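Quick one: the structure is below, and I'll ask about it shortly.
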């Protein structure tokens, strides 16, 4: 095998000076070889990979080092023209966003073929579409990016990337943010497309790296290569949750239906969660999970059905509920950043609900400190604003703020999906702890069966607004009946989680 | 603060200083006849005399207050009304909000100069008419920006959570909405101010607003244009001040927008 | 650019028609331009382009209702006129389409003799019936108030057409100055005319070929014009009257070679123009100057004291206004209207500028430090500036005066104008006595509360006396009383200031330019 | 069908706005103190003469009644008769409107391509010297009041260089376009104002599009230069700009008052200003209503074109 790319002694840092973001990275890649570039976010993976295209993000500067791809220097203007799109192709984190919204699909693919393909035969477009398994019909080619599905848009982007028959593919987190089903599909496609090409795969997802059969893995940490790949924290299933408590459920929803602009998104969903219990609601994206969460806390007015708190019927609209009822059911949302007021410090965010409970001003500082301790946050963070916090820290602040209301039930909507695995793990651990210590009921909404496996006693599987399967966690995971459940379980297995032993 | 912003702030500051403290810098009356009309600059009259023989320097020093006060006043007026209307329509139901915005937009359809002509001639003469006209012309822009920002913030997670928690509308407004819309509103206010300067000066040029003897840079430009060929200073001096003021405010607004991360 | 929107020459000019003299073959008055005297031969030809302040789309051929300068200048080029006021002529008027006006001994009947051979463009001859119809038109067809004096002074219903060329008009009461009233502004057109159109028959020096409201009008010489037979103009083949509202734009049109003549360019532009060798600045001469005046409303307590009124008159520095505001193009006023007309009392001494005496008069009246608002506008050139200087003069004698300059066109638009304590105004050149009767007699709103039956009686006597000496004596006595006790301050008279190319000669100023004798060299 | 409904909705909206505006315009002109009678009568007229004039001009009828008549007439295409000069308002409007439209269209025609070119050049080079130059120039121009720009233009091209006439005198009986050289300065004056505003707009829109993921993707795929600018960035940058262009057109049409007056250009703005000064209420009302209607129509057009340019909106209006 011949050498396709060589990167040596790469140092990249802010143009304005300061600590380098990539510091002394070097590697070689033979043709047909797959290199995994791993590391946490911000470790310099993408920056390193982009040098193969001669691209440095604005604000950064190449300080030292050399890059050669197929013997050419991507940083030389004459060479880069021969490289981009022809020898090296790039697929970013959200390939669909790379499509020009103002131009038709066909035009974009044809342009790519005309500009880059060595042999631009008339059937080249069809061959590309076939390769990414897209319909070749005129009708499809006349559409605009917003008129096709996300999955199709991704395939179009792949087709465009492959138009120049590149020898080297650079893939940047190609499955990040995808739900289980799409991620799996994408991975399969990529495996096929990467056949016979050199690939640099940027990802923090070990399983994807494994799936693409990386020949070698380079791990970066704060811009420096480190020797050993970091081990994903082994997930230890929590001790089986305590038995469901007796008496009326803390929160119960009966035959809940809801719609968006008359389009039904929930159909007669019922669930109940007891004190100290965790009930999981799982399902692929778009199945209506978030609407369910918003119905429960009273932010979305259901079209039918009813909700009760410890036997008392709750008004559908939060504004009609009593202050006590409002505080009893708290929502923790997926977007930890969006859920925090960017202008408020942590202390201010926690103080507001405390003061709203009518607690005297003098007691507030003590309670804030207590809440921070409860979610394992150091008191030193108290004066920071959200942008100065990490994702995990923010989600803890969100939890602490919910706790400040002294709730009886927490509705957690995808609280871990935006977090790195390790940190998500820790947040789930915290939830278990709160459940145990405070007797909180938790409705855990997620698409991630791994989370379910460790925390929930019962699982509801939602698909297109309906509950398609329900039962104790163990039995659902070990014997999924509905095909959606089966897919979710398979995905979890890929990720390294088996069904817990019965 | 960038160098550009610093420079712009300095220029704007000097102009505002001239406008505010100018009257203290000269003991000449801005309205008294000081000599023959349209005299060239001399030690006696550093900028010469105007078409009526008044000292141009004295008039320039007295004439900034009207422009600065009117444009700033109109901006503040439009900004305050825009903030209130924008937040209200932003939080109101979709249909009510749309309706209210349409109503305000009606004003935006009418060319600004038409509003000025109608109002400034219709109202009892005086600067109040100009103030109101300039503010009215600015209002639709102000409302639109505030409303868009409010809607964006109102749709964000933390407002949902506060609402779910039972925080009252006022509390949400004070803690969540207003602090988070200040950036675009502030940047927009800068742009409005420069537009207001523009309109105020034009009003002065067209002879709208308060009585003629009161010096006003815009009016001075209008009064003295006819004598431009004889001596340019009575025209150029106020014109230059106006331009420097408008440019520096515009520059400041740009820099402010950039610093606040808002695109103009 | 300047006073683009201020320059509302609008009614200024409209009312100026009251005294607009009509051209006649042999002129003795009006400014004689240098160019006119330099040019020996009256032969010319060519097309003369003149720019006037217009009124945009409001301009109309119906001069009875079209009150811009241009409407009248245009009408005067098209239509014949009864005559013109001319202080130098024996009757005080020069005759146009009339040969003469005879007055009965008891001053109760006027006989108008129409000139023989006055032809309309359709070939028909002008008759006494046409003249009577034209005199009546302001009432029958409707017109602006300033065109109505003939119908107010003569009993037109009882008028008799004696023959084709003779018309007898009885007066409503005996008057001696009826010739002035008849010849002030009356233009003649055919009997039965109800609409003023481009194609109507006319008997003026020029024939209209094109009219675009707001843009201008084009004319060719009327070859059947009666003046030609008398040895006069018109000399140019064609005439274009362009409408340009803005004074600076008119000057620009002149300097840019788009016009040969720019009317009413204002004092400042005239100075600019004077510096340019290719152009001449011409101004109208007395009596064709507009008075700038200030009314002291007697409803306002301090002004009821004659000492305060006198102090206000002594305070104004007239010379300074002429020098600085008008750059010398103006005449010092003596607080009496109609400077330069025969009935004007020039024997009354010029009031001095005496701030010291003014101050002490004010103190004596207990009015020093009085607060007053001077309301003014920019309706005619120099009005705003004169007001500005006057306000400063008043401050100097201890009056706490605030100047309120109304936006363009606003000064008279307001019903409240006559309730103002202290307001600027202007008057076009008008003979003093008839003007007094229509505007200053007791009860007229424009008198600002001036109510002096003794003066009213003197004026009536002056108008109605058969003996010239008696008339003069009454007229002077009335004017002296007004000078001493009146409530009007008239510091200056402003002529019409026009710019023209040096190639242009023979333009006469009376007060508007007339081109019937103009030549292009 | 969707398009029909979309158009119907927009047109109905515009009509409603116009109806509100007509009321506002009528109220505003009614509120003007004094009236044409006062202006026409002058200082020396007697009270009786004024009253007669008011009656002649029908100013003594109740305002609501006159509003009703006016609207009924306007709907039938009759805007009434001016008080001063007694001219049909619609005749004046139709005579002057083509001139104003031409002036505005030429100004936009000059400004739009220039603004797109300059905005593109600057936006693609955000922060670089070319951008700084264009941005600074646009900033200064945007801050210059029209009356100054016009004065400077006249001083340079008219007075000093003597290249162009300083007044737009059209041949009698002709149209402004019969003397093209007389239109250059008015068009230029108006274009400069629009150019600065639009250049800033295009620049920021282009800069935004240039920083978008698809532009970066195109760049990484080797698309460069003119193709990148015209095929990838401009189509996306233009959408939001089109509607602002429409607003500009309305603004320029009304803003032409200053330019038309200075050059004595026979347009609607010039007539409007004259009518305001004359207190000629029917003329002010008619012209203001027509200007507002025109501005609305152009906005509507901008709305529709903006929808057409944006494929996302085009398919689902």
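Worth a mention:
The first chain written gets the first letter, and so on, giving A, B, C and D; residue counts start at 1 in each chain.
We take it that contacts are C-beta pairs under 8 Å (C-beta built on N, C-alpha and C of every residue); 3 or more make two chains touch, one makes a residue touch a chain.
Remember, it's a predicted structure, so these values are computed and weren't measured experimentally.
Touching chain B and chain C at once are the following chains: D.
Chain C and chain D have CA centres that are 40 Å apart.
Annotation: 88 Å between the Cα-based centres of chain A and chain C.
A separation of 50 Å divides the Cα centre of chain A from that of chain D.
Counting partners per residue, chain B has 121, 206, 222, 225, 229 as the residues that reach two or more other chains. Contact of a single residue of chain D with at least two other chains is seen at positions 32-33, 147, 151, 258, 273, 276. Within chain C, residues 1, 4-5, 248, 408-410 each touch two or more of the remaining chains. Chains touching one another form the pairs A-B, A-D, B-C, B-D, C-D. On chain A, the positions that touch chain D within their shared complex are 50, 53, 55, 80-81, 83-86, 89-90, 92, 94, 97-103, 111-112, 115-116, 144, 146-147, 157, 160-161, 164.
Those residues of chain B that touch chain A in the shared complex are 156-158, 160-167, 171, 175-176, 179-180. On chain D, the positions that touch chain C within their shared complex are 32-35, 38-47, 49-50, 53, 56, 82, 84-87, 92, 95-96, 147, 150-151, 154, 158, 165-167, 169-170, 172-173, 258, 261-264, 266, 270-271, 273-280, 283.
Across the complex, chain B is touched by residues 13, 16-17, 20-21, 24-25, 28-29, 31-33, 139-140, 142-148, 151, 155, 159, 200, 204, 208, 247, 250-251, 253-255, 257-258, 269, 272-273, 276, 284, 288, 291-292, 295-296, 299 of chain D. Residues of chain B that touch chain D in their complex: 102-103, 105-106, 108-114, 117-119, 121-122, 124, 194, 197-198, 201-202, 205-206, 218, 221-222, 225, 228-229, 235, 239, 242-243, 246-247, 249-251, 254, 263-264.
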